[in-house]
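You will see two complexes here that share subunit A, one where it goes with subunit B and one where it goes with subunit C.
== the complex of A and B ==
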């Protein structure tokens, strides 16, 4: 048996969906039920690249992520993940929730949380096998927490918990990773570990969507950026999209240039 | 003479069955923080049990039907964003109980008194009660065992489970159905009011002893069985109501555990000093060797 790899082998490459972009938004209007949250999303993310979702709170970043998981309504236009509609593409997507939405008192170890990523592959009524445990251990190693496997999830710091959740997503060996504000309240060490792991995943051929408030993160891991605030204010390569003009339009605030970086001041 | 011909033997068997099943399901109720919801379900079951007895309908089916109706009411009301689940549950809890009392008082000349429904009568369980408890209990334990990893996953991270393509809502509904089934089969033994303590008590006690679900399930079951048998023994010895005695034993076990267990009060006080360590800004306990300079990097540019 070949050694299992935590990094997704580009398995969709050989499949019929290989050459297509991992995610395509085609003039998509997104929301929940009859309520529209986000309008005019248009763009695509190729495999091996990352897209930063940037916008103020309530801009629709989470809605966009949910739409790629098939958990939001597509009122018009379309969202296509790995050549399929999002709900049908769930075996190829992995979702990383915000760590602080999870109960820190829950009696579960770090190792068990990571192993949850394998449950779909393991299937109903079955127990994870050695193969699954090896994949989980490798993923935990990739985020730099191999020695915390037996600790209770809630005893870790916020940043470490976020890394554990990324490790869980890695074990799904998905073609698309969706991260909801993974860098919120995360310390420098965890931040670097997350960035390193995301780069590694991209090298393995995964497409990454990451929502963030942090322009530096976008510069560190993303090729493309999507500016959102109720509608799309820009979707494209970092340099041409993260302009002061676009940011001002998106945030409705003063945009400054500081040492070559763009900063949005006071909303 | 058949071993089961003795009312005491039947009571022992029923107590053990009820204790084991309640302990197992109780842990899942705790993990999903459904204690209050389960409490409301017991109270919603009450009028169904009363109505079934008064009309001569099957007690189990009547109770189950009423409990499910109550369940749907809470889920329906709490679906609306402006109503929180706690309020809806509280209202249903009181209404269910009131309906039961009203029905009982309206059925004049009915022989079975309120107490029998509220606190049960372990010493008068019939063979039918025993076989029903055993059958339903076996099904509940089988389902809990078969779906253990999915149920725990959903309790920990419902959103993530949905995103992974699992029918998370259906799993939660299934768990509620199992809880309702357990409440109904527990009713003849300890009554609708005390079924709650049997579901929550042993599981909460087990949680104080261990952080591992793997150990907590058998421990909760063992505690449930133990509490039921001890309570039954004491009730016979001191001539007290079995349901009440069992509940008192469960409460005593929980309080004693709270005092001495690894996660209880004493341990928490002892840990107070090293615990303050945890609140040091994160990164301090990081396992990855860190560069001094990293900690002094200025705050990244942030959009607010």
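== the complex of A and C ==
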């Protein structure tokens, strides 16, 4: 099938225009096993920048994140993370799941959850050392929960749990952070804390992929946006990508225009 | 106190005590991981799937063969279970039911061909801790050592896998290998315990001490330690109670069931206590 438009190929190697991007999607067709979920993903995310994944439920946002972790099938095209195939790049990626997918009754403390991010670096046989505990404490501090380390994970609010999971990802000191709907059902305090931490991580050179329903989040932390609904409807800078035309194409009739700005209804 | 110590001067009672304390400690520690991975049904199924192994082992090598037969069947189940649950279209409990009924059915077919099995199979169902031999204790201790070593080394990785499987996968863990390790450990515990407490009651040794530990703590090392102490203690007290009832009062109280009933009683008492103190603390706050 020929590409409908000429899309410039994203840079995959270090060149005169800057360093190699952290993540490159090259006409990627993604899914699980033989089932295709998402088609035509094409674009790249440089280090120190964030990409918002926007689209309705079932659009393929999680699949795109899983593909960068090597947990989804790349049927055609390619996904490259830090210059490698995703499964080989796992030491450089950190994943933040949705907090409400985890059992709140699980017997584990906040401090232990954060320390889990260090387990791979520590290795199979050794125990986490002082150095690892310091990294974990600093990460918890960065999300504003330093005083909750000894509490059981499930006793925290949804937003606080989400911050703990971000802290866990921070301890991995990864080049790429992948967040699955971190702002769902999150209160204003946690939302601000999450946004602050993500900005801090970007300043440190991390590339961030964050799926969200919330365009305001995209404006607050992201340089680029990827519009998805079974296929890609746009990938690029916020202003030129989040157009009424693209949003209507992506969401169908759910897009309204209110006082000159575009609003997505009913998601 | 004499009631709790004197009976164990008899060598067969001392051996039974050693066996039950080993199993109590082992069950308490393994139980935490069964609890957090919600594998109670797996542990229960394993008690059935070792059955054909026991029958074949008995046919091949009498009492000595039972251990090796059970061990082989247990390890086979652990591997089959891990493989089947990785098939996306079969849910874990369906996979387990498939293995359980297939192997248990095989065991029944095998056993119904012989009459002399009857007595030994009663022992298999309900256990015979009072006839445990020195060699059997050594076998149990060896299995316990293997299981506890695996759990101490892999404990935090297994915890992460239980808590957040998708996160573990993203970290690069091979989930299948972690599951195989845990299933194998559970199988070894069942094999070790089946002889002395029987298939029907072995599940209690794994589940109840961990449930007790969970009532007092939300830290896995503390739950495991509490479970181990509780399990060992119930093994001792249950054996003493069984001895006292049988000898002094002429009430035939088998040791295995006595231990299990004590565990259930202990759990219920603690459950009521924590509920009451929780309510008192709540009232004090409001």
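Simple rule for what comes next: the second predicted complex is superposed on the first by the 240 of 267 C-alpha atoms of A that agree within 3 Å, B and C clash if a C-alpha of one lies under 4 Å from a C-alpha of the other, contacts with A are read in each partner's own complex, and residues count from 1 in each chain.
Quick note on the criterion: a residue touches a chain if its C-beta (ideal position, glycine included) is under 8 Å from a C-beta of that chain, and two chains touch if they have at least 3 such contacts.
Bear in mind that the values here come from a model prediction, so they are computed numbers and not experimental data.
Visitor: Using the superposition on subunit A, tell me whether subunit B and subunit C clash or fit.
Guide: clash
Visitor: Which of the two partners, first being subunit B and second being subunit C, lies in contact with A:36: first, second, both, or neither?
Guide: A:36: touches no partner chain.
Visitor: Please work out whether A:249 is in contact with subunit B alone, subunit C alone, both, or neither, and reply first, second, both or neither.
Guide: In the superposition, A:249 contacts neither subunit B nor subunit C.
Visitor: Please name the chain, subunit B or subunit C, that touches the greater number of residues in subunit A.
Guide: Looking at subunit A, the partner in contact with more of its residues is B.
Visitor: Have a look at where A:192 lands relative to subunit B and subunit C in the superposition and call it first, second, both or neither.
Guide: first
Visitor: Identify the partner contact of A:75: answer first if only subunit B is touched, second if only subunit C is, both if each is, neither if none is.
Guide: neither
Visitor: By the touch definition at the top of the document, which applies to A:213: first (subunit B), second (subunit C), both, or neither?
Guide: A:213 contacts subunit B only, not subunit C.
Visitor: Where on subunit A do the contacts with subunit B and the contacts with subunit C coincide?
Guide: Common to the two interfaces on subunit A: residues 69, 71, 90-91, 93, 95, 97, 101-103, 106-109, 113, 116, 119-120, 124-125, 127, 152, 172, 178.
Visitor: Which of the residues in subunit A come into contact with subunit B in the complex?
Guide: 54, 56, 69, 71, 87, 90-91, 93, 95, 97, 101-103, 106-109, 113, 116, 119-120, 122, 124-125, 127-128, 144-145, 147-148, 152, 155, 157-160, 172, 178, 187-190, 192-193, 213-217, 251, 258, 261-264, 266-267
Visitor: Okay, in this complex, where on subunit C does subunit A touch?
Guide: Residues in contact with subunit A: 36, 153-154, 156-157, 159-160, 162-164, 166-167, 169-173, 214, 217-220, 223.
Visitor: Can you check the complex and tell me which residues of subunit A touch subunit C?
Guide: Against subunit C, the touching part of subunit A is residues 69, 71, 90-91, 93-95, 97, 101-103, 106-109, 112-113, 116, 119-120, 124-125, 127, 152, 165, 168, 172, 178.
Visitor: Would you tell me which residues of subunit B are touching subunit A in their complex?
Guide: Counting only subunit B, the residues touching subunit A are 31, 33, 146-147, 149-150, 152-153, 155-157, 159-160, 162-166, 207, 210-213, 216, 278, 281-283, 285-288, 290, 294-295, 297, 300-304.
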